[in-house]
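I'd like to ask some things about the structure below.
Chain IDs A, B, C, D and E follow the sequence of writing; residue 1 opens each chain.
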Amino acid sequence: MDGLPILTVITFLPLAGALLIAFLPSTYARPVALGAALLTWVVSLLLVIGFSASRGGLFQFTEEVSWIPVFGIEYKLGVDGLSLLLVVLTTTLSWISILASFKPIQTRIKEYMISFLILEVGMIGVFLALDTFLFYIFWEIVLVPMYLIIGIWGGANRIYATIKFVLYTLVGSLLMLVAILATAFAFQATHGGDWTGAFDYEALRTFAASGGGFDPTLQLLAFGAFFLAFAIKVPMFPFHTWLPDAHVEAPTAGSVILAGVLLKLGGYGFIRYGLSLYPDAAQTYAPAIIILSLIAIIYGAIVALVQPDLKKLVAYSSVSHMGFVTLGIFIFQPQGMDGAILQMVNHGLITGALFLLVGVIYERTHDRTIARMGGLAARMPVYVAIFGFFVFASAGLPGLSGFVGEFLTLVGSFAFNPLTAAVASFVMILGAAYLLWMFQRVATGELSSFLSGLGSHLTDISPTEILTLAPLMALVVAFGLFPGILLDIINGSVDRALSDVNGGAAIAIDPLVLAIGLGALAAVVVLRVVTLPMFRGRASAETSA
Amino acid sequence: MTFEDLVTIAPFVAAILVAVGVVVADVIVPGRRTIVLAVAFAGLAIVTLLTITTGATAATAFGGSYRVDDLTTYLDLIFVGTVALTLLFAPDYLEARRLPMAEFAAVLLFALTGAMLLAASADLLVLFIGLELMVLPGYLLAGYHKSDGFSTEGAIKYFLLGSFSSAIFLFGLAFVWGLTGTTRIAEVADQLAAMTATGGLSAGLALGLAFMSTGVAFKIAAVPFHYWTPDAYQGSPTPVTGYLSVGPKVAAFALILRLFVEALGPLKLDWLPVVVVLALLTMTVGNLVALTQTNVKRMLGYSSIAHTGYILVGLAAYAAGRIEGLEGLLFYVAAYSVMNLGVFAVIAALQRRPGVTSNLDTFAGIVRREPALAILMTLFLLSLTGIPPTAGFFAKAYVILAAVQASQAGNEVLGLLAVITVLNAAAAAFYYLRIVVYMFMRDPVSDEPSMAHGRLMWTGLAITALLTIAFGLIPGPLLEIVRAAARAIG
Amino acid sequence: MGLANSLDAYLVLSGALFAIGTFGFLARRNAISMLMSIELMLNAVNLAIVAFGSFIPTLKADGSIIALMVIAVAAAEATVGLAIIIAIYRNRKTPLVDEYDHMRR
Amino acid sequence: METLIPLIAALPIAGFLFTALVGRRLGKQAHIVPVAAVGIAWAIAMVVVFTALTGGFGEEGRSVKLWDWIPAGGFHIEAAFFVDNLTACLLIVVTTIGLLVHVYSIGYMSHDPGYWRFFAYLNLFMFSMLLLVLGDSWLTVFVAWELVGLSSYLLIGFWYRKNSAALASKKAFLVNRVGDVGFALGIMAIWVNTGTLNIRESIQVLTSQPLTAFPIPIAIVALLIFAGAMGKSAQFPLHVWLPDAMEGPTPVSALIHAATMVNAGVYLIARANPIFASAPEAMVVVAGIGIFTAILAASIAMTQTDIKRVLAYSTLSQLGYMFAALGVGAWTAAIFHLMTHGFFKGLLFLGSGSVIHAVHEEQDMRKMGGLAKKIPHTYRTMLIGSIAIAGIPPLAGFFSKDEILGEAFKLGFTWVWAIGVLVAVMTAFYMFRLIGLTFWGESRVDKVVEPKIHESPRVMTIPLWLLAIPSLFLGLFLSWPGPPLGPLFGQEGPGLLAGWLEPVYKQGFEILGRHEEAFAIFGIDGVLILISVAVAVIGMVAAWRLFGVEIGRLRRRGNPEQVTALSARAPFLYRASLNKWWFDELNHLMFMVIGGRIAAFLWWFDANIVDGIVNGIGTVTRLSGGGLARVQTGRVQNYALGIAIGLIVMVASYALMTGGG
Amino acid sequence: MNLMIAAIAGAIITTPALLIFVLGGGSVDDALFAALATLMLTSALLVVTMRDIIRCGLAMIVAFLALAGIYVIVGAPLVAAAQVIVYIGAISVLILFAIMLTESKDAPSILVFQTQAVPAAVASIILAVLVTLGISATDWGAAAVRFRLGTEALAQALFRDYILPFEVVSVLLLAAVIGGVFIAKRETGDPG
């Protein structure tokens, strides 16, 4: 496999598919797109086979071509355990969502498939790029197709949502660009004005690791910029408000990819760049980030409780779940990091599946309002069974993959500071609460008048739809029972990332700080709860299920 | 006047001859646009050839009043390209409105000669005349659709304010002459270096600088001297708008390079703050106002103002001591030229049928009617936004890099400028994407049949699109040229 | 007391003329008056240039030549300007520039 | 053994998967595979149990490793099974009762459309429960912990069309989750303290080193684990879910909510006995909560009218006993009571199921009465169960309950003993109230149903009798030849069960410094026995006086007026008992009302503050743009003036740079 | 009537010159300069203030004449000549012609002056002041006396140093004419 540049192949196979679609009549759009995605998936599986987990911390299959020699910018790809997982996740979810959009998407199918494949190119590229400049380019490439997917095939309020999504993301990423350039220049300046390696991730990393690394102020500023970009993508509280809008408006497959992969870009960026290039700054920021993560975990779950719209509920649950990712990363504990990465993968699978499931209902009812559902179990038993499976998976039921990541993160944070673990583990209750409540309102009880009104339209889940969900179920079970598969792959990357931030030796969060952070939130809440008038109406409306 | 002199100015002379040739051709066989175009393109080809061949070796002519170096060559190529592309885009539009091709081509080519002279001038008087020769045709082109109220209105606004600023600029120039006692750029620079070495900026020089800065700021449409831009752009025939947004602007930057960077180089640190403030105002105001526009041509007028701001960042970085700033500026103008020409070309194509406005809702759902144009438009808009891998992105990255370097070299305010630049870029995304929204995500207001577009139009669009991508994807070659050009004066 | 021999006198004079021209340009409504004001400004500049020419030793002849060029340029400008003025007068039937405000904001 | 032990758990899960996938098509044959699976599992389990109790695994037991589950660096978890005598005891209860309930269900659920689904769920539960008792590491136990929660959720909500069932199942899962959080944190604490999650290794570390060596105080660890136990075993204040859980089919109540799952907490603490032994303060808490739950539940059980709810509260109260026992350190007694209670309470529930079956899904005892003749098998078996639970010798309940009370007293927890005695009175009372209202007196059954009343089929009655047998003799069997009867017949040494569990508790006892003192049958112990027998009788007789009795010659009519009079005499206590001390209302206020408002507020906060800021920025930008556009008047002169002003500013600024020009 | 005005104007203009000449003891040149300067400024002011645009045009011619005179004094006769030929001969005529074309007649001041006339005035005065200050504050390294310039020297310079601009200006004029003609000429079917 050394002969052919397999990474380039993986990255640009979808593009080839897109071009093909562009030149074929639109009737071929669906099969070609699916074919391309499947092919990419297969190749990515080959990658897994060829990958040597024992050297998981090192970049393998690296390709290097000089691109803009003037600045030493290179077309450099490589894969380590971390990126391998995420790439496979991407390729898997891609073909699944393409398959899932066969029926829902009927207009402008050609453009749709093309943008979807280009989206895949961008996402894979982000994970494989080993050159900060290249990374940034892929990062931005992701933006455009998603913008179109939401904006063209989205719901009623799609334009507001998509513009919000793009602008929000752009603010972050452009600042990140400044940071990338600043870093590169700092590197060049310290290497006698020689640009070679100024954008090369590994060179930068070794420099950052070697005594002192980058100048402290530069680190603070640059990490700040990176943080903003990633925090918006993840999304961390309080940068998350674009997410519910985007999810609600996006077509099903769009939501799947958005939740399944796009959010992971942030977490990946933190581990790959945030920690490795600016260790000291990472240490400095860590407490704040940890507090934000805790807030996100609890806050997201609580807000999810009262969402009237299925997709919004899942969206807020994403905020909560991704909080675990950032928490796990920034406590600088091996278990935490392991957990964070697992959480990324599992959230991708489970939340992706949940969005697919919501899509299934939406296909039949053209509605997502929880209040109008009810009693589905009577009419769609198989669907409800699968739905229940993923609901519990998302609630972190042991034996399914969701649990391992969550629990590892908690273990790590407990080792870091029991208080954080105590706070975070509350989500075990809250998560179960909003998920089961939702499940109860949708699936159980007598069939709601709205649903019975649909009559024969309310058919049980179709084989195609099952086909999209089955692989996810299989993976969720497999990773739940044998998380070792994943852990072996990522261990190397985790150790390296942690050694980059010198094992978090220095960082220790002052419980006081934590208390203040949470206290602030609590204070606001209490303050408003004691004086309720302005939303009593809604409160009663939402709590009466 | 020796033979060497003639060789040196050969491209310039050739350009003049092409212009005259077009007129003559039209006199011989009136109203045959094919012949006109044939002559024009053939001539431009020759000009290009000469530029490349003679540009290879730096030389001066006419007692050092005319100078050829890598910068000259680079700029000349941009000018020639701009004019050639404009000539590709114009015919469909003019034909539909029964406007003659010959005069258009001739005037445009005269403008080209002016721009080339600007780029090559080593003498302030030549510089001034080149400037006039560049702008006067501009006024005429703006009013080229003379039976159209908007066109002429734009033209007269452009003309009156333009000549007003010319007068101001010239007044400043006069002071410089008076103080330095010479018109040769090199000597001016030496004189100024000597003067500033002893006791800084003298009052007269300050006056001169002020007047010249104002004049130049006007020509590049920097806030608060930009007022003419939106009206002129909106009013002019769309292909002309495309040209106006690129040719005169780039030429004005050539003027800056020759006058401020070269002649007034010794006063760098004195005009740096002014440039910083101008850049800041220009990009911010440009973008903010563009947000509220509903007429695409006008919106893009403001956007071009904003881009002036970005380019000025490069200039500021240079003034703060980073040659990269100059490189960034030069790269940016090239990128800016292709993408802006492209974007206006698409609008021109859409307006082929007379009476089609450039209002936003004209663009509603055109992807149904004109998918190719819609996609091209999107490409150019993305480039203007600065999304990789496009020319616009790399250009922006370049000037930002320069600014960052300058700030790390101790001029922190440049760092601030860089940050504000990217924030602006983010805000700008809103109105660029708004057009995309209309094209792809709205339903068409009227169901007109799609229009046929001439082969020339498609060729031009193809070229611009390719360059837009190429500059972003493989900027290497262009970078080399740019650096050489920058070294010629930096 | 040698007014005619002091450069400043000429320069101040030209400055004054320039200011008057500016005022005209800002204050008048008629396109042609504005054009005339511009001509005044250009002449002011010319005066300054010529004055420099005959007081700054190194400039010598250059002053006059520049002045001649400027005059020529001014002529060209006037031609173009008048042409445009006539054109728009055809469209709008008024020479008052501030009524050419169909494009704004 | 390497294959047998895993098979015990593997068979039910296989049965579950099979039934879940194809059961729908099997119709009325759906039960064959699941019941067979459990049956075989039972057989194997018995083999394993026998080997274990005959010392086949040695003192420390036998563990079987399957695979490395979570190899996350220092955090290494194996998927492994472990069997020792404690496990063996639990296996007996779980597999036996499980099997009987399966059989019983064949009859009970025969008319239900979800027949196959029911058996699938039952198998899933069996797997989870077996995994729980077999788990070799804390995390495995936790997994099972959650899985039993899941299967209980599924079974409680089995009749998903009933909203009450759906709500009850949700409530059960959530309340359990509260406990689970504690358990999870406890596990983390153990890992942080010991660096391993293998139960025996971690306990080894915890007991071998000085307490000060651990970052997390051991008392905290103990309490966290206890929190988990409270959730599953429904101890106050997490007891609220169990009564509602009666929404599920009766076999479920018998299996999960009486005999097996609710005992998980007891098992857990017994398993962790050295940890608790090292944290006396924690043990006091356990004892306190246990005995409080006991009396609280008993007080409620006295007035409930729903036959299953009475049994549910009785279960709570009995569990309270067990925890009290665990708290005072009478671990053997706890397990003893766990086993006996498992059988007779299972019996009672299945019996009540049979009753309900007979009167056509009627659960209100006020609409029963006089059923004794109509459904004799059910009546007899249930009577046995009641006597057993009431603590009348020589039935099973007497031995275990007496051991608990006796130990409590002798270990100096007099207050526990006192309350325990009180509870014993109440127990006897409410059990015979139940029997009286249901089987004796004249019938109050709906006239329409009256003639259709019939005894349940054999497939249901046989399990009842099979359960009646251990209810009769298990106590004697397990305590023999030890106290209390052993000494009477001049026997020596500890009872059978005590002998079995001795190795399990060795460490714990050592830490507590306990030593077996001689059993004084003619001394203190005898007195205690007499007392507990006496109080049982008192309670029984009191019930007879109020609700009548019809045993053989002993006949007496109930006396409703006196009942109302009594309840009127202590109105508050009566209402409190009737309304279950208003715990459901409290929870509703706390979680639905206040919690709901908090959530609603946060949503408002999100939409208007967090997002408001974001959108606000956008709006401000847009508006400022509009403002700036105002400059563009379209008038050349205005523009020119602008330029002129700009020029002036420019001149001024440059002039400043010259330093005043 | 017009003669009257002209006479009065002449009187006003010549007074400062006479004052300088008689009282200030300046040379004839000084006096002439003063006179011409005054004349120029006055007529320039008239250009920008008078209502009747035709008179403005005439006043402009006067101003240019005066300027030409000043050129002579300062020692650039050739420029003076060019001034007379080009401006008075060509441009002014052009302008007057345009005035006829656009029928801009005598008009009430509301039609003459912008609403912003006052700020405009202020701005221009400030500008003038600033410029004057600047000029007076600067040492231009000027010679004590102006020197006259011989025509041949001029030609020398023109054809040695400035041949290029000289040629280019012709191109400029050519362009202006071609374009101007096109824009100004009335097309068939055009309105007006």
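The rule is short, and it goes like this: a contact is a pair of C-beta atoms (placed from the backbone, for glycine too) under 8 Å apart; a residue touches a chain by one contact, two chains touch by 3 or more.
These numbers come from a predicted model, not from an experiment.
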{"item": "Other chains in touch with both chain B and chain E", "value": "C, D"}
{"item": "Intersection of the contact lists for chain C and chain D", "value": "B, E"}
{"item": "Leader among chain pairs (count of C-beta contacts)", "value": "C-E"}
{"item": "Label of the chain whose CA centroid is most distant from the centroid of chain D", "value": "E"}
{"item": "Distance-maximising chain from chain A - centres being C-alpha averages", "value": "E"}
{"item": "Centroid spacing, where centroids are CA-atom means, of chain B and chain C in whole angstrom", "value": "26"}
{"item": "Inter-chain centre distance, chain C versus chain E - centres from mean C-alpha coordinates, in Å", "value": "8"}
{"item": "Chain centre separation in whole Å, for chain B relative to chain A (CA means)", "value": "43"}
{"item": "Where chain B and chain D are represented by their mean Cα positions, the distance between them in whole Å", "value": "79"}
{"item": "Sites on chain C at which at least two other chains make contact", "value": "11, 18, 21-22, 25-29, 31, 34-35, 52, 56-57, 62-63, 65, 69, 73, 76-77, 80, 83-85, 87, 90-91, 97-98, 100, 102-105"}
{"item": "Shared interface positions of chain A, touching two or more other chains", "value": "167"}
{"item": "Junction residues of chain B, two or more chains touched", "value": "125, 129, 132, 136, 140, 143, 146-147, 155-157, 160, 164, 168, 178, 181, 202-203, 205-207, 230-231, 292-293, 427, 430"}
{"item": "Full enumeration of touching chain pairs", "value": "A-B, A-D, B-C, B-D, B-E, C-D, C-E, D-E"}
{"item": "Contacting residues of chain B [partner chain C, same complex]", "value": "125, 128-129, 132, 136, 139-140, 143, 146-150, 152-157, 159-160, 163-164, 166-168, 170-171, 174-175, 177-178, 181-183, 230-231, 234-235, 292-293, 298"}
{"item": "List of chain D residues in touch with chain B within their complex", "value": "618, 621-622, 624-626, 628-629, 631-632, 634, 636, 638-640, 642-643, 645-647, 650-651, 653-655, 657-659, 661"}
{"item": "Chain D-facing residues of chain E, complex", "value": "114, 116, 119-120, 123-124, 126-127, 130, 133-134, 137-138"}
{"item": "For the chain D and chain C complex, residues of the former touching the latter", "value": "629-630, 632-637, 640-641, 644"}
{"item": "Complex contact set, residues of chain B against chain A", "value": "367, 382, 386-389, 393, 397, 400-401, 404-405, 408, 418-419, 422-423, 425-427, 429-430, 433-434, 436-437, 440-441, 474-476, 479-480, 483"}
